[in-house]
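One structure is given here, and the rest of the page talks about it.
To keep things simple, chains are lettered A, B, C, D, E, F, G, H, I, J, K and L as they appear, and every chain counts its residues starting from 1.
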Amino acid sequence: MQDVLEMRLLLINGPNLNLLGKREIGIYGKTALETIESSLKDKASSQAIELEFFQSNFEGALVERIHQGMGNIDGILINAGAYTHTSIALRDALLGTNIPYVELHLSNTQSRESFRYDSFLADRAIGVVAGFGPYSYELAMQGLVNYLRTPK
Amino acid sequence: MQDVLEMRLLLINGPNLNLLGKREIGIYGKTALETIESSLKDKASSQAIELEFFQSNFEGALVERIHQGMGNIDGILINAGAYTHTSIALRDALLGTNIPYVELHLSNTQSRESFRYDSFLADRAIGVVAGFGPYSYELAMQGLVNYLRTPK
Amino acid sequence: MQDVLEMRLLLINGPNLNLLGKREIGIYGKTALETIESSLKDKASSQAIELEFFQSNFEGALVERIHQGMGNIDGILINAGAYTHTSIALRDALLGTNIPYVELHLSNTQSRESFRYDSFLADRAIGVVAGFGPYSYELAMQGLVNYLRTPK
Amino acid sequence: MQDVLEMRLLLINGPNLNLLGKREIGIYGKTALETIESSLKDKASSQAIELEFFQSNFEGALVERIHQGMGNIDGILINAGAYTHTSIALRDALLGTNIPYVELHLSNTQSRESFRYDSFLADRAIGVVAGFGPYSYELAMQGLVNYLRTPK
Amino acid sequence: MQDVLEMRLLLINGPNLNLLGKREIGIYGKTALETIESSLKDKASSQAIELEFFQSNFEGALVERIHQGMGNIDGILINAGAYTHTSIALRDALLGTNIPYVELHLSNTQSRESFRYDSFLADRAIGVVAGFGPYSYELAMQGLVNYLRTPK
Amino acid sequence: MQDVLEMRLLLINGPNLNLLGKREIGIYGKTALETIESSLKDKASSQAIELEFFQSNFEGALVERIHQGMGNIDGILINAGAYTHTSIALRDALLGTNIPYVELHLSNTQSRESFRYDSFLADRAIGVVAGFGPYSYELAMQGLVNYLRTPK
Amino acid sequence: MQDVLEMRLLLINGPNLNLLGKREIGIYGKTALETIESSLKDKASSQAIELEFFQSNFEGALVERIHQGMGNIDGILINAGAYTHTSIALRDALLGTNIPYVELHLSNTQSRESFRYDSFLADRAIGVVAGFGPYSYELAMQGLVNYLRTPK
Amino acid sequence: MQDVLEMRLLLINGPNLNLLGKREIGIYGKTALETIESSLKDKASSQAIELEFFQSNFEGALVERIHQGMGNIDGILINAGAYTHTSIALRDALLGTNIPYVELHLSNTQSRESFRYDSFLADRAIGVVAGFGPYSYELAMQGLVNYLRTPK
Amino acid sequence: MQDVLEMRLLLINGPNLNLLGKREIGIYGKTALETIESSLKDKASSQAIELEFFQSNFEGALVERIHQGMGNIDGILINAGAYTHTSIALRDALLGTNIPYVELHLSNTQSRESFRYDSFLADRAIGVVAGFGPYSYELAMQGLVNYLRTPK
Amino acid sequence: MQDVLEMRLLLINGPNLNLLGKREIGIYGKTALETIESSLKDKASSQAIELEFFQSNFEGALVERIHQGMGNIDGILINAGAYTHTSIALRDALLGTNIPYVELHLSNTQSRESFRYDSFLADRAIGVVAGFGPYSYELAMQGLVNYLRTPK
Amino acid sequence: MQDVLEMRLLLINGPNLNLLGKREIGIYGKTALETIESSLKDKASSQAIELEFFQSNFEGALVERIHQGMGNIDGILINAGAYTHTSIALRDALLGTNIPYVELHLSNTQSRESFRYDSFLADRAIGVVAGFGPYSYELAMQGLVNYLRTPK
Amino acid sequence: MQDVLEMRLLLINGPNLNLLGKREIGIYGKTALETIESSLKDKASSQAIELEFFQSNFEGALVERIHQGMGNIDGILINAGAYTHTSIALRDALLGTNIPYVELHLSNTQSRESFRYDSFLADRAIGVVAGFGPYSYELAMQGLVNYLRTPK
């Protein structure tokens, strides 16, 4: 039994991800964001990890939520959606707060439009997980936890 | 006389378009946005079309207004202004909600800075209208209505 | 009743547009060019506008037809088809005769092969209309007429 | 003995190919176009194939000859010469009439100026034959006939 | 002694600049934004200049703050942070309101990632100051004031 | 207890990965390939998955091992190392045998030389995992297994 | 007194040059093509040079006129207008007939749109003259004559 | 009757072509490589041509087989598959041994991914045949034989 | 009163800057270089700073003047004019002598020809000041002095 | 007889042109620079034109010679040799002094290495003459004189 | 007299270099690889250097030979031939084993096809020697030995 | 003993190389240019080679020194420093005088800024040596001597 909180993670979802399960099902699958979040929270809890959520369609709100994580969040899981490819502000927020993060995507961004190949976040991320649908979240969390638990 | 509402359209205006009639008159003309909107609403009403308006300078707000159109809006007229060239999030919102849309511009974007040549919205739009000043709105609405009325 | 000729317009169609209604129906639709032309002429006549037609598959013939418009044509509607993307000669003819023109396309050229993204005509046109099928012609004519009627 | 006409093919030669045997012999060889045509016709006849010829230096004339093939020509052999690299109108004519075609060149276009590397026709052709001099015509015809005879 | 207000300036700071003094100290230095602002205000006051501040992580909020300056602000100092490189909307706001502005950066953007080389604001700015840390603000204000005081 | 073999996977490692634990420890970590393989095999076995291994520094050998998987392998985990960025032959082998595969990397390829950004494999992979060191293998296997177990 | 015909030259003018003196006077000047031609003919005659003229807006017609020069024309002056930048067929005609030629332009093509920088004719021309208005024709003829008179 | 061996040719097939008839049938067709080879050998024998075969998935093996042809092979037919686009070593082997060769492809490489447009072999080949499925082999052999029989 | 020399600076002006006040007044303003220099010297003196001047149109002379600064100059102000964009030798001189420098320009180089966007000096400069006319010199000196006075 | 000095021209030759007649005769011909200069001076004198000469291998010296022409030179003939393609300083000198100039080259720069295609001088020149060997000087002088004599 | 083995070097030759002296003599010279190797071995022996050889046409074999050098080879001389420009695997092998190496070429790669300009090995090599024919080997060995003997 | 002068070489050093041993020691090493020169002269003398030196920071001076070598220098060693990447004038001087030359660099230019990858001299040099510090001079001289002694 684990009764001591080991770490605190933040899951950030960017623009349009509130539509999950409702839009472009061929690309993003049928699972709603809430389902993903609660399922992930359960998996986190069982490992003495606290998992917070934040979704916004506003670049500025995402930036500020990352700022608020400074000093109380050990790692970030981020599916920045479209902002992955256009937001240097998100990059600056992540680098500025110096919180380790994993970039994740539901779909395989390499199979889509060419403007989705470049990421402003990837080169400074711990790692990247993409293409496994909702399961990408679980893999990304495992990868982040494993990283944080590994002695540096 | 038309007494049955045939369709519901949404007119979206992006950043700085609230300044219409006040800024860069050489490029955008002297007509205020409100004037364009009310004139367009009149034309819509006379054809049993309900026309809603939304203007925002926030990318996130535009994304969310499009989301809200899911299930109650038949088509979108969008002048995304500067976001036309920088926002993949808007593209994702339009494609995610699957509402047919027409892209429109007051000015001829091909005559301006080269960074205004590319649009993240155009390739998935029904069509594009640009360069006719405030009259672009009217042409775009006609094009959208014509499309929606055409049996597929 | 309108009994005074207000303006004279010229509709120019470029290569392969004589095939309209016969070729690549998925892209260009089922309406023949003649149908489009006569329908457009009716709409023009009712507004005291004289509308002339010209279609050619020869770049040189299109250039010369534009030359002939000097001094007797008030505005040009041009669907230059493939020559839109390859003919600087057409551009020079339009600029040389100094007749205002609107560029139009049946299909949304942004949704097709990348070599159809660039136009040698667009940056000097009054405006551009694309993607509405045969209805693009009607919208383009309205846009041109509106432009010509607007006091400069 | 074959006494039933099996198929009807059209051989199209583009600009400057009327000079064959007279110009740039180092690149194009010494055989005149007429010699190639009549030799090819003989080979076609012996297989119950009717072969028509057309050469023009006018892009528009080539476009119109292709249009005329609609409904009476089973396949096209095309050596579009310089227009291979500059004419989207020819591409549109070939795709618009939906007649299968083979692209051929006397010389190996990859060994020449870099502006001869790209073809507006190749990606939609059945196949391409280049570099074998006048013999390219024969190989191309065999390839086209083989394609047309293969059950789809 | 100066007792007449000579001009009114607006200092705009973009995304992540609220973190100043807290993040990436190697790049941005240790001084908090508030310290910079109040020190700058003092320098302004002593020259009979009123200086207003605005910081936001929201592109839309920055756009609207600029709009509000129309008619009551004589010049803008803008450190748009990451939006310098991604926001055409900010450019449009600055050009639309027609208020003279100076672009400034704490760090030397030419020494950083290549995506920080391009600015959507620089070509229409009065001038640019970059690389002097918090002192960039002071130099930029001097440059702006000097410009505004120079008879045109 | 699981006593029925559910699926058979193949783990392929490309050039230089036999050096794991011996070379560039700063980038690739200290764990030897054999350690990774046996640890992964244990995890697989416990889920009734048979896991085969293959490492080669020869592009041709990797191609042929993939061929041999046709008909007896349900999915492939591939860390193609340097061949990720240079081998179209590997891509063709994977697509030709039609076996689902996951691309994985020890390091975050986006943080390294620019010629490591492009992958000839990624766009047709189920998904991609990169940056988690040896743990990337485990995440990739989970992702692959999850994909294969999901009803299509 | 010169009474023996020394050489025969051909002056070719491409598309839109029939408009000379009528169009875009700011760029091309006020002199009509006929005036240029007859003035040039006079200068040629006085040197025992026969000068022929040809102007066409048809690429194919220009190609064929060059073909006809084979064997009876010693040198070509060519102002190919817009076809300078788009016609490989003209290049092939000039190289195929192997007649020495000088490329000339009324305006300085380097001062205009960037698509006028590249010429398909220049690299194989004897030389190039551009920017001197109608006087370019005279300079080009002198240059050509000087070249032809120089023993090789 | 031909009873004297006239020439000796080598047919080289590159990576993955051993899968022919088994993989990606939509692109490559249903005929196995062995079938193509034996059918081609029959055609060669009937013309007193000896035809040798070699297929390998190893770039090095292909290079060495070409070396072995020095002095005993009159011409090479090469379908280098994926190595067409990535192997300068193959190019060097072909140029180094100085054996004339024809490049061939089953599919039309211009209709596929853009990285298949460039060939390291084509510019020095006699010619290229692509797109006719297994029949490409026959056409290529004819082209090669015709070339070798033509007096230089 | 300051009576101790605190630092020694060198102001370097590159090609054509000797024309200041005489050439292209629209771009560079009306103040002569000598005026700028003496005004700047006054400002320097009042802060116990010795300021030396050097202007040359010779790249080599500029390089050598920088060399001479080694060991006796604390910082350099450099307006390298056209050499900013073409001289790697200047860059090497500045880096080789290891003297801190500030890059400055009279005009806003981002508003001019695109070949003035890149600087061989900027990425290693302390900072950059551009666009303020002669006042750029004063701002640059302040920035340099502030940098040198700041404890590292 | 002309006895009044009409205009004063300056002929500038850039680097390596002092080698004329001694180097790369295949490209530049056999005539020495002195021969060209004196022949040109004769032609100028006969038209009451004073012609001065300057050749230097130093970019700075060329810049300064142009400066010295301010106020006493009516037009410049410039063969800047290699500096044509690398010197923005020369461009600035020519624009700064505002003296009309003609760019000339002995060889046809379009037929040589690709780095000789671009000129920093051409777009602001009156015109360009290239490819006629030493005769280019004469044509360029005629063009310049004609320009200066034409009433603006 | 030197009787103590000072260092052990490995000379690696890539694809097609076994053909040396037999192929493309104009480019590579007449000396066979064996001659180069034995001559180099003599020179090495006289300096108490042991020199091993390895040539392969297989990328994988080259990679493995480098691996085997780990711990027993002090430096590598590598003429990777065509793999210089295509093999990231070789780069990884060299960097992975951390053995200092010198890149060498017989011919001057800058004088050949443009795809030979880039090297995947050069930026991490000690140095590069190219263009001296077989003598490049000797120079490269001297350079390597000099490097290894220099105290770091 | 050698008492007959066999050849005369010229060693040219470009901009900033007079700083050798004084600047950027991490990149260029600690040896002064004079030390390199005298050491090299000794080696030359012992082989009956006369070696002259020239260093300048002036592009024009380097050009002229090369000119002076015409007819009395057998070969040139050139370390053009920064001018390697910017000076076409140096290239023209070297090609114009037709003296064989070797390009050399102290540092490995491929490991530095990307603007140091291209050389205007390399493609026409005998060969290139880079990266061996001062020893590059010795290797380059050996390579040049070897080349000059080899019968052509």
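Operating definition for what follows: a residue touches a chain if its C-beta (ideal position, glycine included) is under 8 Å from a C-beta of that chain, and two chains touch if they have at least 3 such contacts.
These numbers were taken from a predicted model, which means no experiment stands behind them.
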| item | value |
| --- | --- |
| Set of chains whose contacts include both chain K and chain J | L |
| Chain pair with more C-beta contacts, H-K versus D-H | D-H |
| Centre-of-Cα separation between chain H and chain E, whole angstrom | 65 |
| Rounded Å distance between chain D and chain J, as computed from the means of their C-alpha atoms | 50 |
| Gap in Å, rounded to a whole number, between the CA centres of chain G and chain E | 56 |
| Centroid distance [mean C-alpha coordinates] between chain I and chain B, Å | 50 |
| Sequence positions of chain E contacting 2 or more other chains | 58-61, 86 |
| Pairs of chains, among all present, that meet the touch criterion | A-B, A-E, A-F, B-C, B-E, C-D, C-G, D-G, D-H, E-I, F-H, F-K, G-J, H-K, I-J, I-L, J-L, K-L |
| Touching residues (chain side chain F, partner chain H) in the complex | 58-61, 63-64, 67, 70, 86-89, 91-93, 95-98, 120 |
| Touching residues (chain side chain J, partner chain L) in the complex | 14-16, 18-19, 22-24, 56-61, 81-83, 85-86, 115-116 |
| Residues of chain B touching chain C in the complex | 102, 108, 110-111, 119, 122-133, 135-136, 138-139, 142-143, 146-147, 150 |
